[in-house]
Every structure is written in C-alpha cells, then in structure tokens.
Amino acid sequence: MQLVTAIIKPHMVEPVKEALRAAGVQGLTITEVRGFGRQGGHTETYRGAEYQVDFVPKVKVEVLVEPLEVDTVVEAIVGAARTGKIGDGKIWVTPVDRALRIRTGEQDVAAV
Amino acid sequence: MQLVTAIIKPHMVEPVKEALRAAGVQGLTITEVRGFGRQGGHTETYRGAEYQVDFVPKVKVEVLVEPLEVDTVVEAIVGAARTGKIGDGKIWVTPVDRALRIRTGEQDVAAV
Amino acid sequence: MQLVTAIIKPHMVEPVKEALRAAGVQGLTITEVRGFGRQGGHTETYRGAEYQVDFVPKVKVEVLVEPLEVDTVVEAIVGAARTGKIGDGKIWVTPVDRALRIRTGEQDVAAV
Amino acid sequence: MEIPLDDTQMILDNIFVFVCAVLVFFMQAGFAMLTAGLTRAKSVANIVMKNLMDMSVGVLVFAVVGYHIAYSGADFFGFSWLWGGYADAPTADYSLMLPVDFFFQAAFAAAAATIVAGALAERTQFRGYLLYTVFITGLIYPVVVNWQWGGGWLAQLGTPFEDFAGSTVVHSVGGWAALMGAIIIGPRIGKYGADGRPRALPGHSMPLAILGVFVLFIGWFGFNPGSQLAADIEVPRIAVNTALAAAAGAVLAMITSWIVSKKPDVSMAGNGLLGGLVAITAGAFSLDGYGSVVAGAIGGVIVVFSVLGLERAGVDDPVGAVSVHGVCGAWGTIAVGLLANGNAPFLEEGVSGLLYGGGVDLLVTQLIGTVAVFVFVCVAAGLLFSAIKAAGWLRVSPEEELAGLDIGEHGAPGYSFDMGTATGLVVDTPATATEKV
Amino acid sequence: MEIPLDDTQMILDNIFVFVCAVLVFFMQAGFAMLTAGLTRAKSVANIVMKNLMDMSVGVLVFAVVGYHIAYSGADFFGFSWLWGGYADAPTADYSLMLPVDFFFQAAFAAAAATIVAGALAERTQFRGYLLYTVFITGLIYPVVVNWQWGGGWLAQLGTPFEDFAGSTVVHSVGGWAALMGAIIIGPRIGKYGADGRPRALPGHSMPLAILGVFVLFIGWFGFNPGSQLAADIEVPRIAVNTALAAAAGAVLAMITSWIVSKKPDVSMAGNGLLGGLVAITAGAFSLDGYGSVVAGAIGGVIVVFSVLGLERAGVDDPVGAVSVHGVCGAWGTIAVGLLANGNAPFLEEGVSGLLYGGGVDLLVTQLIGTVAVFVFVCVAAGLLFSAIKAAGWLRVSPEEELAGLDIGEHGAPGYSFDMGTATGLVVDTPATATEKV
Amino acid sequence: MEIPLDDTQMILDNIFVFVCAVLVFFMQAGFAMLTAGLTRAKSVANIVMKNLMDMSVGVLVFAVVGYHIAYSGADFFGFSWLWGGYADAPTADYSLMLPVDFFFQAAFAAAAATIVAGALAERTQFRGYLLYTVFITGLIYPVVVNWQWGGGWLAQLGTPFEDFAGSTVVHSVGGWAALMGAIIIGPRIGKYGADGRPRALPGHSMPLAILGVFVLFIGWFGFNPGSQLAADIEVPRIAVNTALAAAAGAVLAMITSWIVSKKPDVSMAGNGLLGGLVAITAGAFSLDGYGSVVAGAIGGVIVVFSVLGLERAGVDDPVGAVSVHGVCGAWGTIAVGLLANGNAPFLEEGVSGLLYGGGVDLLVTQLIGTVAVFVFVCVAAGLLFSAIKAAGWLRVSPEEELAGLDIGEHGAPGYSFDMGTATGLVVDTPATATEKV
C-alpha cells in the first residue's frame, strides 16, 4: 500500500474529491493545514500597523491506495487541483507497511 | 521505528488513549480531521434547502512505536475503537527512518 | 526524498520557521495538533470541579527535503525548538517514494 | 405654535420618543449580529463594518439632506438647523421638539439603509456600499417618507394610506432596494451548482444570529410604540400587538419550515419572528389583537416560502432581507386594508378593513401605496446599483470573494484564533467505552 | 373604576411599566447567550432556538390561557380581550391599562419558561421542550401567580406572603421545574465517569455567557423596579437594592469559588451575580440596603455550593438554573422573613422580618409560600416531564446527543467556520527566540 | 429642601435618570464585548471576568466609600445611608432622590473603572486588577468627581470648568489610569519584535468588538442625556449632539485609517465612533450641532493617530483605551473651550468658546481642568500600579501569558469547541471546478 498526501488550496477540496471519486477512490481524509512556500504570505493591516502573514490556509488530502493505483490517484489530484498559479501545492507518496480497517480487521488492499 | 496512524471516531479518542496507555505507550499525537468513506456523509437542511455533507469529523491518532510493539499498538487501537459500525476508521503503519526527542536529542527507541 | 515531521510547542512555530528558512528550506506545512506525553496534561477547574486535561496544544511541522539535507533540517528544528523543558516534542523522518509540484508537475528534488 | 415648555405631559412625550429612538438605534446591533451570524466567517468583519458605517454615514447624510427632503417639502438642504436654536423648535403637527423628531427619524433612516447589507453580503465592495448608503439615506428613503409621513400624496389620498410605523415606508424601501441590489450584483460564487440548483452556504453562527433577532425584537418596541409620537394610552396596546405578531410569526415560520424541510429551521424561525414584526408595523395601531396574530402568522408563513422562492429564482439573499422586509412589508401594508378594526372602541375614526366590514376603500389605498413604493424603489435602486456596477464599484473580484472580504476590504481577518484555542484544550469524549455508538 | 385618561401621572405609570416590560423581554437575549455559552458548541443552535420558541409560544399561550388563569380567577380562556376594546380597560387594582399589565406579565411568563431550557440543555427533544413550554406558561406558572399576585390564598394569609417581584413566583417556579426536568431526563452522556464521579463538560464560550449575565442584569432593572407597577419614588430605591444584591452575589460567588477550587471561576461569578439578583427579587421593596447586600451575598455563596451539591447528587444542570433560580429564589423569599425592614421610613405598613424585630410571623408565611410552591411545582412538573418521557418525546437518542442536537433536531450545525478561518490566518508567536519559555 | 412627592414632573425626572442609569450600566456589556473582541482568544474569559468584577466590586466600594467622597465633602464613609430611610432624601441641588443619584453615579464609577481593563488586557493578574478596582472606584475617581460635580475647586473657578457628562471626569480618569497601567506593566510578550518595531496581535473577534461598540453607543444615550439630571426639553438636543459626534467620529476614523493604512480598518472605525462619543461628552449641552460634528470628527482623527503614536512609543494598549478615553476625553474637554455656543437661544448663561466669540476664559479653564486631572490621575494611578507591581501582583508569569490567562487565572479556557464543531462540518467550496482561482 502507499499513502498519497497532497497539500492543496482550500477551495480545491470539492473538485479533488470528485476527481478522486471518479477515479475509483472510496475514501480519503482531509486536514486543515497552513503552508509556507514560494507563494509567500501576504501583508495584512490591523489598527494601522502592517504585518506579514507567512502562512496561507491549505488543505491536506491523504489517500491510502494500492501501489498500482498511485499514478491514477496522483493524476486525478493534479488534474483537479492545478490552476497553474503559484501555491497549487505538493503531492508526496510514502510507503505503507500495513493497512487495516478497524471495523472488520481486513488488511491492506481490502482495507481501503 | 514505525509510525502507526489511525483514523477514528472523535468520541473514541478517550478510550483509545486509555487503551494505548494500558499497552505501555507513553506518547501520542492527535489531529482533528474529516473523513470521506463508505460511511457516507449525511443530508443537512439549512433555510429549507437540503445539502449533502460528504465529510464527517474524525480524529487522526499518530503513535511512534518501536517495530516490536506495532502489533500491540494496533490491537489496542482496534480493541478500543471498534464498534462494528461502518465508519470506525482505518489504521496504517509507515516506516520511520529516524526519530529524535527534541529536548534531549535522544534517538530512535529512546526518543519515544 | 524524505519527510521530516516535527511536533513542537505552538509558540516555537515562528523561530522554527525562521531557522528553517535560514537553513535554505523553501517550504513547509504546519498543522494544529494536540499531544499526550511525558509532559503530562494539567488540571483545570470549571464550575468548581477539577478535571484532567491530558492533551496539550502542539504544532506539527512537515518539511519535504532531499535526503542530503535531512540532517541540516533536523538540526535547525532542534536548535530553534529546544528549551530543555519537558514537552519540547519529537522529530521523525520518513521515506518518500515520490514528490511532485502540482503547479508544474516537477518531480522530486525539483518539487520542493 | 407655542409649546408650553412647562407642561409635564409634553416633556413626557418627548422623553418617551427619545427612549424609543434609542431602542430603534439599538436595532443596528441586532442587524449587525443577525447578518454576521447568517453569513460566512471569512467576511464577518466586513459585514459588521458595513452596519457600523451605514449608521454613521446615514445619520450625517440624513441630518443635512434626507430629513429636510422628508419633512420640509421645500428646503432640500438643512445645514442651518445644526447651528443651534433648534432646541425649542416644535415640529408642525406634534408636541415633539425638532431634535427628538430628528433623532427618531434618523434611527429609522439608518434602519432602512442597513437592511440592504445582508442581501448583498459577502460580495459587495465596501466603497460601493458606502455610496449606496449616501443615496438611500439622502434621497430614496426620504422621498418615500415625504409621500406619507411628510404629508405628501399618499397621506392626501381620499382614504389616506395607513402605514403606522413603516411596513412600507421603512421596511419595504429597504427590502426592495435589497432585491434590486441582489439581482444586479448576482449570487455569491458557489451559491448555485453547475446544474443551476441552489446550494446551502450556511451562516457561521446561530448564536449571533438569534442574538440579533432578540435585539431586533427589543428594538421594535421603540419602532412601533414610538411611532405613536406621544406617550399616551395607545402605547401599551401597540406594544401588545407587536409582541403577538412577532410570536405568531416565529411559531408559524417554525411550523412551516418543519413541514417543508422536515426539521424546524433555526434561522427561519428567527426570520419568521422578524417577518411577523414587519407585518404588524403598518397596522400596530389599527389592528386588534386577533388581527395582529393573523398578520404576524401569515408573515411567518410568507417568509419561508419567499426565501425558498427567491432562492430558486436565482436571487441570492444570504439573510432573507428581501423576504422579511420587502415581502412581509408589503403584506403588512395590505393586511391593514383587510384587518383594520375601526369598530373597536379605540379607533375613533372608524376606518375598517375589508374583513371588518369597512369595504374595499382602505384596501385599494393600501395596494396603491404598496405598488407605488415598490415601483419607485425598484427604479431608483435599480439605477443606483447599475451605476455603481458601471463604475466598477459593486462587486469584489472572485479571488477576493473566495478568500473572504475581510482581508481584501479591510486588511485583516474578522476572527483570529490563537493556535491551541480555536479548538479549545478539551477533548469532548464520553466517559466510558461502554457508551460507544 | 374610571381612569382619568388625561392624567399625566397615570400615563407615566403605564409608560414606565411598558419600558420595564421591554427590559424584561430583553432578558430572553440574556438567557439565550448565557445558556449557549455554558453549553457545548455542538448543540448551540438548538439551545438558542429553544429560547426563541419558548418566548414565542409562551406569549401566545399566556395571552389566551395563562394570563386569565393568573388574574381572572374565573375565566380560564381569554380570547375575547384580543378582539379589541382592551385599550382603556384598567386592571382592577392599579392605574395600569390591561394591555400594559399583560405585556409586563407575559414577559415574566416567558422568563419563567426559559429558565428550564438551560437545565435540560444538550439532550432534550425539541418537540418535548415545546410541549413543556405550553404547560408551564399556560398552567403551572399561572396557577402560582394566581395564588399570590392574583389575590389567591398566599395573598390572603394573615400575614400576607411577600414576594415583591417573584423570587418564588417566577424564579423558583422555573427553578423547581428545571430540577424535576433534570432529574427525570438524567445527566448528559459523559457527565459522570465510570466511577460515578462528575466530570466537567465545559461551556463553549465564556464571552457569550458573560454577555448573557450582563444582559440579564440590565433586564432585572425592568423586573424589580417595574414590579412596583407605578412610576413612583420607590423605584430608585428598588433599583439600588437590586444593584447592591447583584454586586454582592458576584463578589461572594467569586470568593467562594476561589476558596473551593483555588481559582476564581468565571461562570460561577456570573451565576453568583444572577443568584444575588434572584435573592433580592422578593425583597427589593421591603429590604434596606444592608439587607440587600446580605441577601445577595448569601445568594452568591449558596449558588456555588448548590451547583456543586446538585452535581454530586447526580443532577446534571449545565448552567446552574436550579441553583440560581430555584435555590436562590427560595433563599430570597425566606430572606424577606428575616431581613424585611419595616422600621425605615419608607415602609408604612411596618412589617419587619425576624432580625429587624418583626417576630416570626412573616418568616412563617414566607416558609409556607416557599414550600407550597416547591411542592406544587415539583408535582406538576414531575407529572409533566414524566408524561413527556412516557410519550418518548423527552430525550434524544444517544447517537444524536453525542453528535450534537443541532444537526439532529434542526438539520444543520450552529457553527460553520470556513476552512482557513476557524483558526484564523495568524499564528500566535512571540517575537523572538529569546522569549522561549 | 422639601420635595413635593406628588409632583409628576419630579417623578418623571427621577424615572428618566433611572432609565439613563440602566443604559449606562448596559455599557458594561459593551466594554466587555469590545475588549474581548480586540484581544486574543486565549485570555477571553479573563477579560470578561475582569469586566464583571470591576462592576460588582466597584458598585459596592462606591456605595460605602466613593460616593461619599465624591459628594459629601465631609463624610468619607457612608454605611449609614444603606440602613434605609434614604428613599425620600433628595440630593442637595436637584429634584433627584438620593438613591437614583447614587444609581446613576455608580454606573459612571463602574464605567471609569472598566476602561482600564482593556489597556492592561492579556497580562495582568486578576488579583492585582481587583485591587486597582477598589482604589479607582473608592478614591481616585471620587476625588475628581468631587472637584467638579461635587462642587469642588473646578466648579468654583471664576469661569467654572464645564464637563457636562464627563469627558474628563469619567473618561480621562479611566484613560490616564489606563496609560499609567500600560506603561508600568509593559507591553505583551510579542508585541514588539527584536528590532523594537511594533507587531500586530490581532483581536480575535470583530463581531464581538463591533457589538461592543453598538452597545456602548446605546449606553451613551444614558450617559449624556442622563447627565442633564432632569427630564426636560434639553434632553433631545443633547441626544442629537451625541449621535452626530459619534457618527462623525466613526466616519473620520474610517477615512483616516483608510489613508494611513490603505484599508478602512474595522476596529479603528469602532474606536472612532467611541472617540467621537467621548469628545462630545463634555460639550453635549453647550455645543451646537455643528460643533458636535466637529468635535466628534476631530475625535475620530485623533484616535487613529493616537493609537499609532502610543504603539510606536512603546505603550501597548490592545484596545485603544488610552486614545479613546484619555486623549479624546482631553480633546472633548478643550473643545468646549473652543466651540461652546452661548449665542444660541438654548444657553441662557451665554458662555461661549473661543471660536464663538467668547474669548479665552473658558478655554483656559478647560485647559486647567484637563491638565489638573491628568496630573492627579497619572500620579495617583502611577503610585497605585507601582505599588501593585512591587507587591508582585501586577503581571502574570511569561509562561502563563503565553498560554493565555484563562487557564492560569481562572482554571479553564474561555472557549472550548468540541472536536468536529470548531470548524463545522461544512467545507466551504465553490460549486464547480470552473470557478478555480
């Protein structure tokens, strides 16, 4: 099994979810995160004082997939989340030694 | 070292923590996440309009463990978090190359 | 590629970010998490009743780095986040099979 | 007219209207909380800022222009009265002092202005909104007031138009302006799916929204009883009519939403209470208790269907301002033509509505007034918002809208929770594993 | 009785009571915010909806049934007065017009009803709560009012029962109904550990809770001074007594909680202020300033111990409604028997409490009234909640309770923060690494 | 003086001041929400608790000490009046009853006290704050009141000091105490970067902050009109002046902040409205409408520059209390010397300011009073805060400050969102991928 993790723009959650569903993915987990990167932050002003906000809101999408489907999943995410503007985010894929469905105890491919 | 990640129902945090403590685990980290899966979302109504909420609140539990204890930890989580109802969640185990305690610099097994 | 994950105290986000920037890191992702560990929780009182809060607020920092820079990154984090007091947190490093920048499709080292 | 300055009853009248005006100004807090609660968190600072500034700008503009258009009939600008000496100037018809009359009317003007903020929430430029505010408090609202309370043509009809506290003169003016604004600016991004069907964009805080409803409820006891413009024995009856209509509106809106969407909707019940209040505003004096309950109850039902209908028609009004103020305002005005009770001992004039044996005269007048104001406001507000749009001052960019107006328009977010406090430190868990669900 | 309609003092009396009634209605906003703040976020829409609807339903039910039971003694249903003509009907004893009397009493009825919402929060079905509301405003509360203010047996005792503004008649009625409800519905899931020990389920927002306290404080200046039912020279003294008792209650509750739990608890201090207010409600007229401070201060102490005691006894009352309204209401009523100062020039009757040399007569009467109301309300509310429970309308399912009542009862959450705004965009950090802790 | 107890005008005066006092007490809710909104979430329970307790402690201390210092000139302690019999005691100069005068003055004392809470927010020990409260309501504020309203030396100057409702006597006292407190306690950790430049620590909730502004606005219609201490024909004019100044202050602060920082700042606009109100508090009676607009507008401009200037000078005042109350209070007092209009028919005495041809006499007096109060309060509050600091009661530990004062001072966080509700269940997304940004 592999875990595909993507950092995307918050308003891309819906299209990414739909693209993944279309690609046959049955489950995923999302987390609110904040990112620092080339996109840079922005300047805010509060009570007349400027200040730099370095972190921008992002969403992390995690999908547990069987190795053969990693490419499909990555492409689905890229296809839905890419705007071409800086800050679209990253995807990384990490190895998973073992996966398990809590409800049934099913393992690995059967667990996702 | 290995990292055990579990996605569980929010109200299972307490029993899972207790089960892990009982299993000898000394530390863990939890994150609020939202899951999409077989459990499905639910329909909400706001101002007379129905809408579909696909994501349900879940909690991610991460535990860094030495390889020999992975099974104990996984079993402890399953034992505490299983209700048998759909949506109980997933567990996945990933390899860790290195672990370190910031305070002391202790490495790997000594770090957890 | 490798993924360096650190659990740190919330008010260490700023110094850690600055230390990483100084170390040449160009991007990172942070998440609000809550930790359970040796630091212990604390007792709170609400309406006259004491209760134990086991989880303390922490921030998770994730940095995708090329293998050669892992040590630099780990040291930068440790250098900025260490107070020597219990609860400074953990760092763990996990292997990454593949990394990709959504905007351009650049892979691996070029993606970070 | 010489005012007997030592007359305690006259002083009491003035003090009473002053207190009522303060209650009406308090409605600004209600509007701010209601509108904030029913919209999204990312534009919350913008919406409360709009409420704050429409009141502030509105009071100044109304002081130098609007009030004079509304009541003088001749002098369009009124800088001179600010110089002073206005203390013992009575208004023409009442024993009220000029300043207390202005104070009360200014609170009404600010209320009319602020109604629009909710309908245009989450996508309107701040400068465009300020411009709108100047015109509604300086021109549009004052013209309608002139027609009726200023002694204009509506007040001079054979059977005079009856709009006691302003179902039409205040609320419909705001409501129809909101309608035109919402149409011209278009719906929020994401309000309608690719299939064209409306999607829910839930408001971010029901406690704030319902706090707003309660505050507006309280303010209405300045709005309606104060419109008697005198501390007399009619005041309590007007207050009771107001309370009965509000209660009936809330209950009926709750029931209607329960039937329509299987659950009693919180924000709809709140809207229903307000719809009931708007519906009794025209008839708070001339209806009896039964009529008040009926007017309010129908207002509550109307609100729910109006909200759903407008949404389906493509008009995105996040807080229901058009339905509550425009549609229920029209209903309340017409209700007087149906339910005015001139037979009860308290109405000397004996003007009754259709259902109380008064024939159709009053009903016809009420329809004339309702339609005339609808047409005038739609045209005037339509021109105004079109002009603002043409100037590029109406809508924010899609990028800004998606990110929320707080940062784009005002430089900083409306909420800033520290890490670790947003979610509190407390994990909400049942006590034991035996309570697993 | 012929009312002199041109009498300014009479008009002033009516206007004064009208203004006070508006303040009492404002307490609804206070109850809503207090209760919302002291309960959890997942049921916040439900709790404010309950507040909104108990007021709305309560006003209607009280208009057609409750008010007539309370005051007529004979006519149990009062549809006729709504027809009109009630404008110049005075009430029997006072110079008040019927509508203003109803308006003031309706606000009281709504207050009595809403007290229960907090004690039953986070687990009660919405429909069950609506049913309860009908019975408390239509029957239970009116019967108790009839006993005392309606001229019933309590008012006819040898030494008449003294409950100036309703420590017992209003607050204890709500408080004891809350007690029965909380007992019959049982504690929230997770309130007691497997070991049976109470666990804290912290309220989600102290700013909302304390806002509620302030609003209730303000409303009380309608509640107590308005109960004089006339604009006379006693009003200021009643207001001062009220303020002193509130302040003393807050300070003493703070100190008590500081001693008991090592820290000054915020919600306890708020409860203490309210406990002080409830404690002075019966004696706001008959106590002097010292007595008011003492009554309020003891109220503040009582609240803390009562909250802790009930919690240990297994009664889960998330907001302390039973302690504040029930227990402090009883204390305030008894306090009159101890502290009434009939020697001061302002009390012509000269009825004094035990500690002011008046003997035990008044104290005995106060005890009789307190106990009688306790017994009646416990029985009546006990039957009511048992019947609702038997019908399966009382408690939501455990699944719904754990997920929060907002979605289950009303279809949508009470809070909906956009991603990225819940936690703001601002990371809270010290400026430099040198400030490491 | 014998009071004609059957005189309706006299009753009306007393009732009017009672109602105004209730409005002034309502300002406590405004201060609490404003201060909570403009500070961080992690200390929100602490700040509302401080507001609650400074009112509660303040009322008690003022009752037994402060009020007597302020008005008696001789008796420093006033336990006796609490015993009773105070009902028909008139105050010396007015037709007011003693209790209503106390009630009104106590609300002012509580307001003066609570101003400081904001400036010291997020770092002050709770016990230290309580101690401060005792001294400001028991000694510092009463002494200044004595100087002016108590008939002291300021009132006895050749040209008497004119501070109608307390720009200096109330607001500057609070503001200068806040200044000394903020200086002595030092800035919050993280307020200044390693380079010494100020950093923004944004307040956590603009809706709460602006709710606070609206509530304060409403309360001011008790503060200023009530200071007439009689229900007479001047009241409406005072109210209009108050509204005009508030509106002008908000508009000008918005414009100023727009120019200075490129965006119209929400909290600055709110501060500007309050600055306008403080600026008209001294002159609400003696200025005409123009003067009120000018005084308020300049107040709005001053606030923005004062906030920025103090911040750069190293004074960390999270809510702008020093600027709004101290600086605008001074400006408002001096403005009377410039803009008092004694020519208008309403001012019989004919005392005018410099710009209205009255010469420099009044201006000089106003400057004397302003400076005298500044010096006295800075010295007194400086000593007070230094003593509290020396006792180790002033500032919390850095650890506690970083974690937030809620847990450290009161044992529990001010916000506790359940997991899964903090961020709602709703993901905020546009409908279709075509709306990608």
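So that you can tell them apart, the chains are marked A, B, C, D, E and F in the order they are listed, and the count of residues begins at 1 in each.
In this section, a contact is a pair of C-beta atoms (placed from the backbone, for glycine too) under 8 Å apart; a residue touches a chain by one contact, two chains touch by 3 or more.
Given the structure is predicted, the values throughout are model-derived calculations rather than measurements.
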item: Any chain in contact with subunit C as well as subunit D; value: A, B, E, F
item: Subunit A to subunit D, fewest steps along touching chains; value: 1
item: Comparison of C-E and D-F by number of C-beta pairs in contact, larger one; value: D-F
item: Mean-CA-position distance for subunit F and subunit A (Å); value: 50
item: Chain centre separation in whole Å, for subunit E relative to subunit A (CA means); value: 51
item: Whole-Å separation of chain centres (CA-atom averages), subunit B against subunit E; value: 44
item: Numbers and ranges of subunit B residues touching at least 2 other chains; value: 10-11, 13, 30-32, 34, 44-46, 54-55, 83, 85, 94-95
item: In subunit F, residues with contacts to at least two other chains; value: 8, 12, 19, 40, 42, 199-200, 202-205, 261-263, 265, 402, 407, 411-432, 435, 437
item: Touch list for subunit C against partner subunit F, complex; value: 11, 42, 44-46
item: Residues of subunit F touching subunit C in the complex; value: 402, 407, 411-413
item: Complex contact set, residues of subunit F against subunit A; value: 198-200, 202-203, 257, 260-263, 265, 267-268, 304, 307-308, 311, 320, 423, 427-433, 435-437
item: Touch list for subunit B against partner subunit A, complex; value: 2, 6-8, 31-38, 54-55, 58, 60, 70, 74, 77-78, 81-95
item: Touching residues (chain side subunit A, partner subunit B) in the complex; value: 1, 3, 17, 26-32, 64, 94-103, 105, 111-112
